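Each of the next two complexes has subunit A plus one other chain: subunit B in the first, subunit C in the second.
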Partner chain A sequence: MTLAIGTTRRPALSLRRAARPVIGTAAVASFLILWQIVGANEIIRSDLISYPSEIAETFVAMSLSGELGRNVLATLGEFVQGFIPACLFGIACGLAFALSRRLRYLTAPLFAALYSAPMIAFVPIIVVWFGVGRDSKIAMVFLAGVVPIIINTATGVNEVSESWVRAVRAFGAGKWQIITKAILPGALPAVMAGIRLGVGRAIVSLVAAEMYVSILGIGRLIQVYSNSGRAAEIFVLVGVVSVFGLGCVMALRSLERYLAPWRAER
Partner chain B sequence: MSHLVVENLRLAYPNAADHGGFLALEDVNFQIGDGEFVTIVGPSGCGKSTLLMLIAALLKPNTGSISLNGTPVATPGPDRALVFQDFALLPWRTVLKNVELGLELKGMGAEERHEVARKYVSMVGLRAFENHYPHQLSGGMRQRVGIARALSVAPEILLMDEPFGALDAQIRQVMGSELLRIWERDRKTILFVTHDIDEAIYLADRVIVMSASPGRVVREIKIPLPRPRGLDIRNSPEFAAFRHEIWTLLEEQVRSSGSWEQSE
Partner chain C sequence: MRSLSDKTERFLLGTLGVVALFVFWEYAANHNIINVAVTTSPSRIVVAFVAQWQSGDLLGDLRVSLGEFAVGFLLSLVIGVALGIAMGMSRMVEYATDPFIWFLYSAPLIALYPLIVVWLGFGYTTVVAVTFLLTVVSIIVNTMAGVHSVEPVLVRAVQAFGGNYRAVVTKVILPASVPLIVAGVRIGLGRALLGVVLGEMFSSNAGLGFRVSYYAGRLRTADVFVALIVLILIGLATDQLCKQIEARLQAWRA
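Presenting the complex of A and B:
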């Protein structure tokens, strides 16, 4: 009897799993079609919600005029310049906090507070410190990105197995070798998770900062087009930001699979 | 020639629950000759693993001394290679890279250590698995990697801390005879800790029996059984006599200390 249930269940489950991408695609497609019908026929005012074919045309037009490319490049540049130092500094800080108990007790509340604070709230003060140019946006990316990287690295280092450290130490490894051979590689999956979290937060903060103070960048464009109520352009820009975020996460996932195959395969 | 000399070793863990601390080892003395295979048996918690950590210098004794080839042991080093009960492989490294670890820390160049590691991977029969990760291997295979890693640095002495304790009974016996096969090639000095009496007798030239905590050496028993030893040697009357002798000693220890009431 139980066997019968087992055998009938299994194919049903695998069928469902095979159908998953089909269902997903179908859902997105029906949504787009519905949106197109509702928007193009002015069932809801199209200047408010736009519709897919208009958005696609706008995307092409913005790309051809160079407007999109110029602004994407500006945003991308700020992101890279802020995020790479955030990774390096975040990993170093996280490692130091995890290895020194005193430092950890001293800084843990600060970072917990920073982590739960919305970074956007810092924009005005950052602008006061760094001016209205690129620097304040780079600083925002750094600040937003660095906090989860520090916290995750510290957690990852604390969770490094005692036995890995023992194995390395038994061969006579020095302090630095213990860090490079056991602690950092052991903490790598947690560090990568922190970087993934940091990417999301950094993108949000960057776009928000650009909306406040900028002459170039995706956030700035979103600001400009929302002032003139241009739904299609805004959807294009939001789409670009999402695709960028998604791209970052996917790239990090494959980097993680490459760097830590022992974890990814589980 | 005495190779490893352990004298008047005492170790107390100061931070144990009661304020006096926990006395793990008290007045431990023994010597191991070059190329000798010595096993240590004792009731759980008698400090046998602690003793190995002291010899590896991962712990420092309160008093007493340990010397290897006449030189006092002060810091961990590849002249005393450890094999751990939990294997302690690095999960992000392949079999070959795990075996290379000690060589890497010794500062050997990439090409040379690759070659040396390969040799030891083949010795433990894992040639076909050299690019596998530890999580892709069985427990027995993982410990073969642990043994290859320890042997690869050409240590003076191999310190084995219940290396087969995490394996099931059959694999355990097979691993024991595998270890003897490898040992008989180059007769590396081995100090092997176990709580399995049969394993202790089967492997050893000499069995050191330790008391319940605080750990002391109760008796040293020479095992002059002929080598190479097959697994069926366990059924011989001589083996049974040794088993009985050690069993009796351990039973006394366990009863007198009351440690049989505790679980491990």
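Presenting the complex of A and C:
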């Protein structure tokens, strides 16, 4: 093992620079090949671990039959319907907490409790309240997403530098303009961080809620195939959920670039 | 009112907020503003708590959940720190494991849990495994960042005085990485609790996570809230503990 720390860094050779992607790709490729060999030759029972080529075939089959599309759309719909209100309400609420210290102190313990609680534990009670259909999933997405957005918005607004507000006020801005021209742009990075956190929590809670009980959706598919012990289908669905999460992260990044182009230049 | 210090005001208002919520909840439940059968009420939760406590159910569930929590978390702490140091010190190891760690970090592991059930069966082992998987990644990533933050000068100093590989790790790298490891632990503890609940809810027949789902299925909402509130308190307590440790470390380093 070579010590990477403490050794003086030599000027990077082109070989060195290529090392990261090359070694990374090689590791992933050898893992996939090993998996394929072990699975396809039944060295370990393939219904337990499946293997890459079977997963690829399953993915194609599930896409063609429309099974995947239908369920992805259902999950996506629940996510959007829960998360957009969570963003709007969360930012408004966070703003109110930041502007009123008393209000913030009043609600701090409740939000601390909601923030550090494992969100999944709320799934059963939410199902009791909102039923087994779409409503309980939308409520779960909202609940899981809104808390970090509120907390981060409140923190972000508090940390907007006083000089921004004074500068805007010096040019004759009213209270509303101070909020839209100084406070919201200044708090944007923190708000976006809260939204990113919220997305992660919301996806996990949504999938958990669908797995717990539902009629349509990726989580339900996962539950169905796990009951019938189908590893290949589950791996496909794991991939789908990952891509979904990744897509959200990328969409948020481009939204942030659009809303705050001055930050991208740094 | 200015005579109140900020800290007191914070405490008083916070308490007031919680009390007001419970009073309002109790009032609404007793006056049929909300449906007691599904929303229950604070007094009913207290009664349910006493009943669960006296029957020993609550202690039993608590023991199961905390046991899984502790085993899963300690396993991921030991393995996570060891792997994180290996990845931080060797570029080869880092480059080779990076894609897998990244996948585990960003993939919703909840979707993988059915496979873990298939591999390990229902119950204790699965819950611990889910907890371990959810926790270990944040500890690995943070430990690695901690190792990267070590001043190379310090490593060279130990080597100059004849320190061997082991001395470098125990005398320089481990102590210097501690703050970041603790930050990883704080994230990890939250994820560990999530793992316990997830595992118990879907693949166990004991523990607080199982109870939440079990009582909800029987519409015993007061009992659901007992388990839920205990889980929230565990989350708050572990988070506070980490904050204290972080504060101590800050003071010790300064």
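Here is the rule we use: the second predicted complex is superposed on the first by the 248 of 266 C-alpha atoms of A that agree within 3 Å, B and C clash if a C-alpha of one lies under 4 Å from a C-alpha of the other, contacts with A are read in each partner's own complex, and residues count from 1 in each chain.
Quick note on the criterion: contacts are C-beta pairs under 8 Å (C-beta built on N, C-alpha and C of every residue); 3 or more make two chains touch, one makes a residue touch a chain.
Note that the coordinates shown come from a computational prediction; the quantities given were computed from them, not determined experimentally.
Chemist: Does the superposition put A:F31 against subunit B (first), subunit C (second), both, or neither?
Modeler: A:F31: touches subunit C, not subunit B.
Chemist: Looking at the overlay, does A:P118 come into contact with subunit B only (first), subunit C only (second), both, or neither?
Modeler: Only subunit C is touched by A:P118; subunit B is not.
Chemist: Tell me which of subunit B and subunit C touches more residues of subunit A.
Modeler: Between subunit B and subunit C, C touches the greater number of residues in subunit A.
Chemist: Touching A:S226 in the superposition: subunit B (first), subunit C (second), both, neither?
Modeler: After superposition on chain A, A:S226 lies in contact with subunit C alone.
Chemist: Which partner does A:R169 reach: the first (subunit B), the second (subunit C), both, or neither?
Modeler: Once the two structures are laid over each other on A, A:R169 reaches subunit B alone.
Chemist: Who does A:I23 touch here: subunit B (first), subunit C (second), both, or neither?
Modeler: second
Chemist: Once chain A of both complexes is superposed, is A:V207 in touch with subunit B (first), subunit C (second), both, or neither?
Modeler: Second partner only.
Chemist: Touch check for A:L110: first (subunit B), second (subunit C), both, or neither?
Modeler: Second partner only, subunit C.
Chemist: Using the superposition on chain A as set up above, list the residues of subunit A that contact both subunit B and subunit C.
Modeler: none
Chemist: Could you please specify the touching residues of subunit C with respect to subunit A in the complex?
Modeler: 9-10, 13-18, 21, 38-39, 86, 88-100, 103, 106-108, 110-112, 114-115, 117-119, 147-148, 150, 152, 155-156, 159, 165, 168, 173, 190, 193-194, 196-198, 201-202, 208-209, 212-213, 215-217, 219, 221, 224-225, 227-228, 231-232, 235-236, 238-239
Chemist: Which part of subunit B faces subunit A closely enough to touch in the complex?
Modeler: 56, 58, 75-78, 80-82, 84, 86-92, 101-102, 104-106, 133-136, 153
Chemist: Could you list, by residue number, the parts of subunit A that touch subunit B in their complex?
Modeler: Spelled out, the residues of subunit A in touch with subunit B are 163-164, 166-173, 177, 181-182, 185-186, 188, 260-263, 265-266.
Chemist: Taking the touch rule as given, give the residues of subunit A at its contact with subunit C in the complex, in rising order.
Modeler: 1-8, 19-20, 23-24, 26-28, 31, 48, 102, 105-110, 112-113, 116-125, 127-129, 203-204, 207-208, 211-212, 218, 222-223, 225-226, 229, 231, 234-235, 237-238, 241-242, 245-246, 249
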